[in-house]
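Per-chain numbering from 1; labels A, B, C and D assigned in written order.
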Amino acid sequence: MRERMRNAGLTVIGYDRDPELSDVTSLAELVDQLPSPKVVWVMVPHGDPTHSTITELKELLSEGDVVVDGGNSRWTDDEIHAAQLAEKNIGYVDCGVSGGVWGLENGYALMAGGDADDIAKVQPAFDALRPDAENGFVHAGRVGAGHFSKMVHNGIEYAMMQAYAEGYELLEAVDMVENVTEVLDSWRVGTVVRSWLLDLLVKALEEDPGLSKVRGYAEDSGEGRWTVEAAIANAVPAPTIAASLFARFVSRQDESAAMQAVAAMRQQFGGHAVRAAQESPDVPPA
Amino acid sequence: MRERMRNAGLTVIGYDRDPELSDVTSLAELVDQLPSPKVVWVMVPHGDPTHSTITELKELLSEGDVVVDGGNSRWTDDEIHAAQLAEKNIGYVDCGVSGGVWGLENGYALMAGGDADDIAKVQPAFDALRPDAENGFVHAGRVGAGHFSKMVHNGIEYAMMQAYAEGYELLEAVDMVENVTEVLDSWRVGTVVRSWLLDLLVKALEEDPGLSKVRGYAEDSGEGRWTVEAAIANAVPAPTIAASLFARFVSRQDESAAMQAVAAMRQQFGGHAVRAAQESPDVPPA
Amino acid sequence: MRERMRNAGLTVIGYDRDPELSDVTSLAELVDQLPSPKVVWVMVPHGDPTHSTITELKELLSEGDVVVDGGNSRWTDDEIHAAQLAEKNIGYVDCGVSGGVWGLENGYALMAGGDADDIAKVQPAFDALRPDAENGFVHAGRVGAGHFSKMVHNGIEYAMMQAYAEGYELLEAVDMVENVTEVLDSWRVGTVVRSWLLDLLVKALEEDPGLSKVRGYAEDSGEGRWTVEAAIANAVPAPTIAASLFARFVSRQDESAAMQAVAAMRQQFGGHAVRAAQESPDVPPA
Amino acid sequence: MRERMRNAGLTVIGYDRDPELSDVTSLAELVDQLPSPKVVWVMVPHGDPTHSTITELKELLSEGDVVVDGGNSRWTDDEIHAAQLAEKNIGYVDCGVSGGVWGLENGYALMAGGDADDIAKVQPAFDALRPDAENGFVHAGRVGAGHFSKMVHNGIEYAMMQAYAEGYELLEAVDMVENVTEVLDSWRVGTVVRSWLLDLLVKALEEDPGLSKVRGYAEDSGEGRWTVEAAIANAVPAPTIAASLFARFVSRQDESAAMQAVAAMRQQFGGHAVRAAQESPDVPPA
C-alpha cells in the first residue's frame, strides 16, 4: 500500500516492528517526521494491537491530526477509538480495505467511516489506493460505517463461497457430469454466476484437479461471526451467511458432539429396532 | 403387533419368509385361511418388497377385501397401489405406524389413509393396536394421507433431535457448565422442552457418559428426505427439517468436497495473503 | 413462587413496587426482617432492573448473605454481579427457572450456578420450588451456568416449536390430509415426537381450528439470540436454532428488504426476459 | 439466437407458433427444408411442450439426425427423450443455456450433454452461440449432464442472490451506514465479492433508490427446487441453496401457517404468562 501511496506523490513513512520493513524506528519518530495535519494510517491486527497503537498515537498527535484504522477492527471498536482521540480533538476515520495483495496491482476497494472533515484530510491517500477515480471508494457514513460495510462484504463473501462450494460438490457427486472443472469454467463468461470468486475456484481446480491436495477445513477470520451477530442484533434474517459460518465450524471438528447425540438417540431406538426385527414384521422409528 | 391383535380376540395369521415367524408357509395359504372380508396387513420394507407383495395379493384377494400397507412406504406409492387393487375392487388403506417395539407394551400410534368403508373393515385391528380408545389413531384423509402424516411426523422428529443435539453440544462446549447430563435431566419434568426424545437422550448419556462410545454418524431412513421434497413440492419453507437432514449428510462424510472448495478459494487468497504478510502491514481478505 | 416456598415452611417476605403484592414497603425493610444468613431471591426483568436491584442489595446485605438472580439475565451478567457482591463477601447464585405459572401447581425446573456453599444456603428454597425431590433441580456449574443452561433450554425450545410448525404447515398445505388437528393429536401418545409443546399445539388448534385468530407473528425474548451468539462464540454449529430465530424475524416484517433485493435482481433479468420473450423461443435466466 | 447462428453462416430455419416469428408454417416443413444430417434445436417450455415437440420430431426425423433440447428441462427428462429418439437411431443432445437476451450481444454460455458424435454434429451451432472460441461451452458429460450443470448453475445463483440480499438488508437496517447504494457500488471493482449479480443489484438501486417500487416477492422457476432435490438424492448438504429457496417461498406468503403455530404455542404460554404476571414477579417462558 505504501508503494501505491508513494507512487502518487504522497509523503509516506512506514513503521513496523520488523526493522527491515520500517523507515523509522518508532511511532514517535514517524509522527515527528510527518507534516501537519498529520495523517497516520494504522493497519495492525484488530483487538489489543490496534487498541495499544491508538492509545500510543493519542499521546503523540495533536488537535487536527487524523488517525485512520485501516485494519479489520470490529465496528464497535471504532466508536471507542473515536471517543478516545476526540478527547484531544484528534480525528478518527475507520476504513475497511478489500483487495489484499491483488490491490497492489489493481487498487484496493476502500470503505470509510467518519466526519467529512476528517475524511477530506485522508482523501489523497484514498485516491492513491483506489483502483481509479470512479471506483473502489465510498464514504459509507459516520464512524464505524467503514468497518461495518467491510464486515458485511465479508459476510456476503462467506455465503457466496459456500454457494459455489455446494454446487461444486453436487456436480462432483453425480457420475453423469464428467468434466466438472470445465463446467465451472464454462460459467466464467456470459452467465449469471460469473464472478471473481468463480475465477479463483476454477484456477484452484486447474492447479489441483479434484482438489486432492486440499483438506475440507476452513478457518474463519471473525468478520463472518460479527456479521451474523450484527444481523441478530438488528433482527435481520441471515440464513445463508449463518449457514456458511456453521459449515466452517463443522469443517474443523474431528467429532461432532451434536451428531453423537443424534446417533445416541437413534441408538436408543435402535436397541428397540433390534428387538423389533426379531419379532418382525415391525416398523422401527426413523 | 400380532400379539396385541391376538390378545384383542382378532383372527391373526402371520406369514414371514422366516418359517419360525410364520403361521403359514405362503401368502396364498394365509389368504386362504382368513375369513371374508379378508384384511391383509402388509408390513415389509418400502419399495420393491411392498410392490411385489401387493401385486401378489391382488391375484389372491377378491372384491371387498382390503390390503393395509402398514410399512414405511412413500405416500406417492399409495395411489399406485390403491389404483392397482381397485381394478379388482379390492380396497386399500395406508397406515403409518409409530412406536417400534415400545408399541408392544404401550400401543402404537396409527395414521390411516383411505375410504371410510375400507377403514371400517380394518378398525378392529386399529383398535387393538392403539394405546387406548382415546388416543393414537387418526383417519387422516384419503389414500396416502396416513403415510404422509407419518412422514411429516418423522421429519419433525429429525429437527427435534437436531435441536436437542445442538443444545447438548453447546452445553458441552463451555467449561462453565460442569454437569451437562444433570442439566438435561433437570429439564425432564416441568419444563417447556420436556419430551420422550429428551428422556432418551438423558438415558443415553447416563448409560454412556460423554457419549464416548458413539460416533457422530447418523443415517437417514428416507422419510426426512421425503418430507423436504414434499415441502419443496408444496412451496412450504422447512428450514429446520432441511438443516437436520443436511447435518446427517455431513456426519457421514469422510471429506467434504464443498469445504475443500471453500478452503481452495481461501488458499487462492492465502497465497496472496502470504505475499501480503511479507509486505506488511496489509490486510488479507477473510 | 412465594406460595410454594411458604407452604414449605420457609420464611418468605415479598417486596414488589406494587404495594398490593408486597409484604414490606422497601428492599431495606425486607432485608431487615430476614433471618441471617439472609437469602434474597431477585426476580425482575434482566438488564437495568436487575443491575440496580443487585447494587442496592450490596449496600443492604453483609458477609455470608446470598443473592439469587432468578430472572432471565444473560449469563455474562452473572460474573459481573458475582464480582460486585464478592467485594463484600456476599454470595451470588444465578438460577434459571422454567415453568411459568404452571410451576405453581407442578413445580419449577431450576438450574443453578454458583459455589457449593452458596447453593447450600439456597437449597431449602430450591427444594420447595422443584417438582419433587428427584426432579427439576440441577447445580449446573459455577456462576453463570444456571442462566446459561436455561438459555440453551430456550434455544432448543425455539427449534422444537419451529419443527412442529413446519410439519403443521406442510400437513395443512396438502389437501390429501383432511384432519390435521386429529393427526397431531394422534401423535400425543406412543410416538417419538410426543412432548408438552405438542400438547400445547393441539390444545391451541382445538380452541381455534385452523388458527384463524392468530397472526403468524412471533416475538423473541432474547434468549434465542443469546443462544446463537453463544454458539458462534464457541464455534458450535446451530443451524436449527438459528433458522428458528430468523423465522421469527421474518414473521415480524411488513416488507423484506432482502427479498426486494432478490426481486430487483430478477427484475433486471426480467427486463431482458421480456425482450427475449418477443424474440422467442429463448430461455430467460432463472 | 437464430440471429447469431445465421451471422455465423449456418442454415437456420425458425418455427414458432407465432407466424410472425416463423420462417415456416410447421415443424414438418422445417425438417423438410433442413440439409442432412438434420440438427433441430428445440427451445420451448419444459414439460409437456418439450415432450410433445420431441415426440413429433421423432416421427419426422431419421437415423443420424440430432435433436437438441436447449430449453430448461429437468435432467431426468433427458434420458427419457434420448431413449425415445434412440428407437429410430436419432441422436439427442441436451443443452443448458445461460445468458438470456444479453447473450444476443455477448454470446451464450452452453453446457451440453450427450455422445461425442452427436455433440460434434451440433458443434457449429455451439460455436456460433458461445461468446468466443475459448469460453462459454462445455461438453459436460453424457445425456442429462448439460441440463444438470445448468440446473446447478441456477441453484448457485439463488444462493448468491440471497447472500447479497442479506447483506443489503443488514446495511439498510443500521443507521450508521448512510450510503448503502454507494457502498455496494464501491465493491464492484477490486473486491472479493465483485460479480455480475452485484452489478445488477447496484443498477437496480440506482434506478430505484431504496427499491421502493419493488415488492419483496420472488418467484422461483423450478431449477432451484430441482437442485435441492438433486442434492438430497445424492446426500449432498446444500444449506445455502435450500435457505434461498425457502426465503422465496416465505416471500410469497400472505400468512405463514408455521408462524401462526409458533405464535399459538407462545400464546398457550402467554395465557399462563398473563396469570403469572398477576402473581408477579415471575418468569414467563420464552
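Criterion: a contact is a pair of C-beta atoms (placed from the backbone, for glycine too) under 8 Å apart; a residue touches a chain by one contact, two chains touch by 3 or more.
Remember, it's a predicted structure, so these values are computed and weren't measured experimentally.
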Most remote chain, CA-based centroid, reference being chain D: C
Centre-of-Cα separation between chain B and chain A, whole angstrom: 42
Intercentroid distance (Cα basis), chain D paired with chain B, Å: 33
Distance from chain C to chain B - Cα centre to Cα centre, in angstrom: 30
Sites on chain D at which at least two other chains make contact: 98-99, 102, 154, 157-158, 162, 164, 166, 169, 173, 192, 197, 235-239, 243, 246-247, 250, 256, 258, 269, 285-286
Category of the chain touch graph - line, ring, star, complete, other: complete
Interfacial residue positions of chain B with respect to chain D in the complex: 192, 225, 228-229, 232-233, 235-239, 242-243, 245-247, 249-250, 252, 256, 258, 269, 285-286
Interfacial residue positions of chain C with respect to chain B in the complex: 75, 98-99, 102-103, 106-111, 113, 130-132, 135-142, 144-145, 148-149, 152-160, 162-164, 166-167, 169-171, 173-174, 176-179, 182-183, 185-198, 227, 230-231, 234-241, 243-244, 246-247
Residue ranges of chain C touching chain D (in the complex, touch as defined): 1, 3, 16, 18, 21, 43-44, 70-72, 97-102, 104, 154, 157-158, 161-162, 164-166, 168-169, 172-173, 197, 200-201, 203-205, 208, 211, 214-224, 239, 243, 247-248, 250-251, 255-269, 272-273, 275-276, 279-286
